[in-house]
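For clarity, chains are labelled A, B, C and D in written order, and residue numbers in each chain start from 1.
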Amino acid sequence: MHNDLLPSLGATINHTIKLRKHIVSPYDPRYRLWEKFLIVLVLYSAWICPFEFAFRRYLPSTIFLVDNIINSFFAIDIVLTFFVAFVDHKSYLLVDEPKRIAVRYLSTWFIFDACSTFPFQTISFFFNGHSKSLGFKLLSVLRLWRLHHVNSLFARLEKDIRFNYFWTRCTKLFSVTLFAVHCSGCFNYMIADRYPDPERTWIGAVIPNFMEHNLWVRYVTAIYWSITTLTTTGYGDLHAENTREMVFGICYMLFNLGLTSYLIGNMTNLVVHGTSHTKNFRDTIQAASEFASRNKLPKHMEEQMLSHICLRFKTEGLKQQETLDGLPKAIRSSIAEYLFFPIVQKVYLFQGFSFNLIFQLVTEMQAEYYPPKEDVILQNEAPAYLYIIVSGAVVHGRLTAGEIFGEIGVLCNMSQPFTIRTTELTQILRLNRTTLFNIIRQSRQDATIVMSNLFQVFN
Amino acid sequence: MHNDLLPSLGATINHTIKLRKHIVSPYDPRYRLWEKFLIVLVLYSAWICPFEFAFRRYLPSTIFLVDNIINSFFAIDIVLTFFVAFVDHKSYLLVDEPKRIAVRYLSTWFIFDACSTFPFQTISFFFNGHSKSLGFKLLSVLRLWRLHHVNSLFARLEKDIRFNYFWTRCTKLFSVTLFAVHCSGCFNYMIADRYPDPERTWIGAVIPNFMEHNLWVRYVTAIYWSITTLTTTGYGDLHAENTREMVFGICYMLFNLGLTSYLIGNMTNLVVHGTSHTKNFRDTIQAASEFASRNKLPKHMEEQMLSHICLRFKTEGLKQQETLDGLPKAIRSSIAEYLFFPIVQKVYLFQGFSFNLIFQLVTEMQAEYYPPKEDVILQNEAPAYLYIIVSGAVVHGRLTAGEIFGEIGVLCNMSQPFTIRTTELTQILRLNRTTLFNIIRQSRQDATIVMSNLFQVFN
Amino acid sequence: MHNDLLPSLGATINHTIKLRKHIVSPYDPRYRLWEKFLIVLVLYSAWICPFEFAFRRYLPSTIFLVDNIINSFFAIDIVLTFFVAFVDHKSYLLVDEPKRIAVRYLSTWFIFDACSTFPFQTISFFFNGHSKSLGFKLLSVLRLWRLHHVNSLFARLEKDIRFNYFWTRCTKLFSVTLFAVHCSGCFNYMIADRYPDPERTWIGAVIPNFMEHNLWVRYVTAIYWSITTLTTTGYGDLHAENTREMVFGICYMLFNLGLTSYLIGNMTNLVVHGTSHTKNFRDTIQAASEFASRNKLPKHMEEQMLSHICLRFKTEGLKQQETLDGLPKAIRSSIAEYLFFPIVQKVYLFQGFSFNLIFQLVTEMQAEYYPPKEDVILQNEAPAYLYIIVSGAVVHGRLTAGEIFGEIGVLCNMSQPFTIRTTELTQILRLNRTTLFNIIRQSRQDATIVMSNLFQVFN
Amino acid sequence: MHNDLLPSLGATINHTIKLRKHIVSPYDPRYRLWEKFLIVLVLYSAWICPFEFAFRRYLPSTIFLVDNIINSFFAIDIVLTFFVAFVDHKSYLLVDEPKRIAVRYLSTWFIFDACSTFPFQTISFFFNGHSKSLGFKLLSVLRLWRLHHVNSLFARLEKDIRFNYFWTRCTKLFSVTLFAVHCSGCFNYMIADRYPDPERTWIGAVIPNFMEHNLWVRYVTAIYWSITTLTTTGYGDLHAENTREMVFGICYMLFNLGLTSYLIGNMTNLVVHGTSHTKNFRDTIQAASEFASRNKLPKHMEEQMLSHICLRFKTEGLKQQETLDGLPKAIRSSIAEYLFFPIVQKVYLFQGFSFNLIFQLVTEMQAEYYPPKEDVILQNEAPAYLYIIVSGAVVHGRLTAGEIFGEIGVLCNMSQPFTIRTTELTQILRLNRTTLFNIIRQSRQDATIVMSNLFQVFN
């Protein structure tokens, strides 16, 4: 499932495909709800399982009833999995054939799921009348296998753009840390609890009659030791007193070294990712600003430069052009048609053109944003582009949306006669002169239409 | 405000737009001063608020008077905000309509600002005659909401190129750390102060009669415990003695794990950013040096290579070409015109050209730096470029600023007749041969002028 | 050996070259096995050497016998090395000349290998009758030189793509950490063991009669102190009691600072490397999704965009195009011929072409994947490419593998007459129109064949 | 000086410029030696200064004599600086005008240098008869200003490619750490030494009569406390006992938080830099290997691909092409001429060409490495390039260095008639067909020479 990028998008993809009777789609909202419900049960299991391991003998028996109820839910899930379609990794199609579903499940995770659900404790109780031996305790640890549900959830959340990556990742790391603290705290308590001489244990040395205190005090003390060790604070008020505890402490500290490195590594990764935008912005503005002051550019030029760069960074979050460039030609064309065809169609210069020709023009145009008060065309510039206003306005002759400029220079092959400057935030379509000529050249008729349109306006 | 990149530039943009009467611009220097004054008050509030929380009963009553004075300043700020224009995120224009300002403020932060300013303590004092209950203490914590002013300030400073990014970021992280240390120190003291048995508290176990010591000793001890825990030093001379303290310790250590990771992540980010220039420089020099020694290049060639690379790295900080490439054509053209038109106009080869043509030539030129004693043209080289000296000097015939070279090869289409070498740091404009011909070709007249200019010199 | 990238590939390269008699190839599987056997011995040496250093007087004498046996294996390896060919770094050829092998070995590592194998202890035993002096102990530390075998192994494993980079690196760091802990634990015990006043040592202060305890207790205590210090937990139950121990502690803590930084640095590096794919995927999907919602694109367009991007990321792991681009033309051509020639040969349009011409067409084609339900050609689009289906299917006229589409538009130079959409995951070869014409233009005959093929189908 | 990249290169640049009389060049080897001698004195000062600060009253008086001798050396350096030329940051020329040197020094660092050298202690001794007051102690701390010499040294070493970046950087960080440990250890001892009640100090609580112990014990204990705190081990055997020590501890721990983050950040940076090559290699090999296995390429093709990639990575360290691309055309041309002219001149095809023409051909050629047994030309391939062997050999007709192949296809415009394969590691010059024709086309005569050369060989 970790390879499966397609179904976990926040961007909704339509998955309503008809499946066989009695087969559930993995994208069914009700199945999704069931999965979320299981996650809650898994979290409870993850907490109670080490806790029972350490404090079983002090727990009320109702807790075992709860355990069995939860177990039964997981048993239902095992049965249900035989009726849930899956996505084939080669054809990317949903498989709803019951036999293939069963073969796939039985050959992968079934055995683990079954073992983690089997009620060893209840059975041992019927046989022995008690269930406190270490062997059965260890069997109950198998329930932690269920945590793979949580792992899958996080793998999915990380790829889901509806959730913030930083916080998803932090939550995951926080959960892992908490679980490690809880487990090791409980395990360390169990070592003390089973040690023959209670005075010579890490907890007994500080709270001599610790077994008589209530559960809360003992649990908090265990967690306190655990977190003191994990964060490497190590006050030393609680510390290993015998060899067993030392061995456990050695293992836990080695694990902690890895865990803290991993936490720091992840945080660094997130910080680097999070600040890259601001750093790029600073570097670019600084370079532009230095360039301006070094060359003693006049004030209005510097302002044009800086506001253009600011705008680019604001809209870079959008990454419009890059997104389009990554797509194949057909999709790009259909997007361009959808967005710009209605505007280009109404431009006076292209009146009388065939649908075909305007379509080809539209697919070659590039959309750009200009900040207020920026020059789009300078007087006397060589004519390289034709511009069509999508939204906003420019000053020369107060052109607004849907109007064209720069066409005289391009068509008459003369340097641009006017300076054109924006008055507000303006979106402009730009068409390369060479491309325009290549397209129009295809038929002599179209070239005539363009020129007659041009002269009609000026006469 | 975190999305608003435009107004926070160190590079000054002209914001003097006329607003309605009684409406203040957010860029008004006096308003900026008021904001800075508020930041000072916020810092005081952030320090006093946890301090009062822990040590209130030992504080003189004058401190409450100060609190109320500060509160009144923030009340003024709330009223003032209704008269401050804001930048609309769609049109990038300042909005000075009082109704829209009010709607925006009331629908966003007004309620938080109001709550954090409301004098709960004074009111409770009138009702109860005392104000020491925990409930009112917690209400006074609402004042910490004001810290968002500091957060906005740092977000703005990070984007302001007048301030060093490294030190801005370090100051921010240092402030966050200090605040965390102060808060947790105070809170931990409060737990000890309210515990029924003073001997069984973290401070009482070491200083048995701690309540009789002066405030300074108790505050320093609290901060000492706090920082010992945060840095994970954990001497253990001060440590949790009861369950309450353990629970607080657990929370604080978990928080610390996140905070230290975040600090390290940020520092790594800054270090990587800061050393990238030197590392690139080393790698490039090393590659060039190895290339030279592997191919046994003669000494003078190696020196030319290395000094060219050094110069490029020195001027790369300027990032001239990249800055220009990111700008739209019109701005680029106007910068080129401003910088190079006066020089190109005086070149003998272009005497008699129209303004129009020189303008087009100028916009196509590229500026480059050459270190002293570097070859610009080699004898017998194919003629690809024309060069104009902006500053500095080259040896062949002792050419200096404003003179042209390489033109004979380019115009007569023969291999370059001389080697041209710089004598000092030289800035040169380079013009591609093909571009030159494309521009001149537009009218037969200009081509004749160029050739006659060329022959005039040589005859 | 650290520069030698070639022989350590997981991708098997054929190394069966005939060598001189009595000379072994370094790629011989039996020699590889011998090397692996030595690694096991090295690991044992690395563990026993510091252990003997600290606890020698308490160890049974059989351990020295084991030492001598291991030493003899390393002596055999020294002799063997004179008969193993090596790869010359200039010609990349295996050198099997005995003289050159001997010269190379004697001038590099022979002296170290010899010293680390020489049985100083046994000799000292014959001379003095005992071998417990510190001088001979230090000589036995020379055996740690053998660890360079492990270092070479890891350097090779890191470059071997059959092993996961993350886990190889983690194992290496874990081994280094364990070795540091073991060494410093043993060394610190030795300091205590040799201190005149056993009560005033780090271990004696806690276990007064520590010399009477069994080896296990003392070793675990030493390791416990060592790891407590390395992870900076520092409980303080065991700490330096005299100046000697303080000096050792100072050195060890300084070393630890470096080691932990190195661990964290490596982990960060691995985390950054490991999450880059997911982060890129998120950023791209987010940009596309925002683009669609901002421009209010219709549902079906958004779906086409997103599924195309998802597919690209799934197949990006393959990096097909990049891999091909990095190769020289001849290899690229032979791969293209191998993969696509059989398909292109059967296309009706190219029936009657010479082998030569189809070969040239094939080398210019680009392979691409399209997800199900994506448009490949839009009606009225300008004809830029010709497409051949390699696998999968498209809807117009239910074309399947081996069929061509888009050819009418390209050859008749008219806008594409139909929309073509995929029905399932489809691999398509794309041929640029200009390239096609350039290749066909070479002979008039081929152009005629193509057109007649085209008309045959449509008539 | 931190901006000055030019003079600090490991790659030697010729700086032997004649200066005025009595003015020393900063690149003079004798001056360099003097600077290195000063660095040694600075290191001694950095160690002795905090040590005297803490332990002055226990030190023999000869140490003050040494101090004064060292001071006099620094006084000499101040005088000397007035006679050392400097590099102007604008013109990059050495300035040897005494007046400008003096102005520059007096306006920048002179005042700091003077203060740090002025013998306050000796003077105070003459006035008061003793020099143990805290004020004079603080004045002597001014000597630490001299550390800027060390800082400049490291800044220079980092940019010097003769020194390994990793170890330079590690040494710098290690020195900073050691200095921090030494300073804080001494300072903390001084606090204890001056505290009225010796029993209630951090050292007195553990060693009650610490003032009677010898200097070594006290110094080691102070350093031990310092390093225990810096590495956040914090055993707790030595800890603050009074408010003064707590305040110092708070400051030191805050500083440590920054220092450890900085150390980790630097280490991460170095690790990322160091492993990037191996990671790229792995990723590329993996992509190629997967590509081959997915497409079931025959064994010999896979081997060609992999050995080509391996070779590219081996020679990528050289970064030949990138280095050349970054240089301006004149340098590139002169390198190409130097390296390849002798070979190309002897090629039979170009016999009879003018120097001029061969020069132009040479500057357009690209050098490439091919591993053994790789195809350079495939039979039937379109003729795109001409190849000249620089070193190594290829199989077809056993061509060796100086011979040309692929010329028949290129000149006769037919597909390549033979497959050409390398037999050993081969360096080849590649010339694009279009470029060749563009250069030859310049004169009809050359084209005739080429064709007659070609036919001479084949007839």
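Basically, a residue touches a chain if its C-beta (ideal position, glycine included) is under 8 Å from a C-beta of that chain, and two chains touch if they have at least 3 such contacts.
Source: prediction; values computed, not measured.
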Partner chains shared by chain A and chain D (touch criterion as defined above): B, C
Copy pair chain C, chain D: interface residue numbering same or different (half cut): different
Angle of rotation relating chain A to chain B [CA atoms, steps of 5 degrees]: 90
Interface with more contacting C-beta pairs, comparing A-C to B-C: A-C
Whole-Å separation of chain centres (CA-atom averages), chain A against chain C: 27
Gap in Å, rounded to a whole number, between the CA centres of chain C and chain B: 39
Residue list for chain A, restricted to those that touch at least two other chains: 232-236, 260, 264, 266, 268-269, 272
Complex contacts: residues of chain A adjacent to chain C: 3, 5-6, 9-11, 13-14, 91-93, 158-159, 161, 165, 229, 232-236, 239-240, 243, 246-247, 249-250, 253-254, 256-258, 260-262, 264-266, 268-269, 272-273, 317-320, 322-324, 326-331, 333-335, 337-339, 355-356, 359-360, 363, 439
Touch list for chain D against partner chain C, complex: 170, 174, 177-178, 216-217, 220-221, 223-224, 227-228, 230-237, 260, 263-264, 266-272, 275, 278-279, 281-282, 284-292, 294-295, 297-299, 301-310, 312-314, 368, 370-372, 374-378, 380-382, 384-385, 415, 424-425
Chain C to chain B touching residues, read off their complex: 232, 234-236, 264, 268
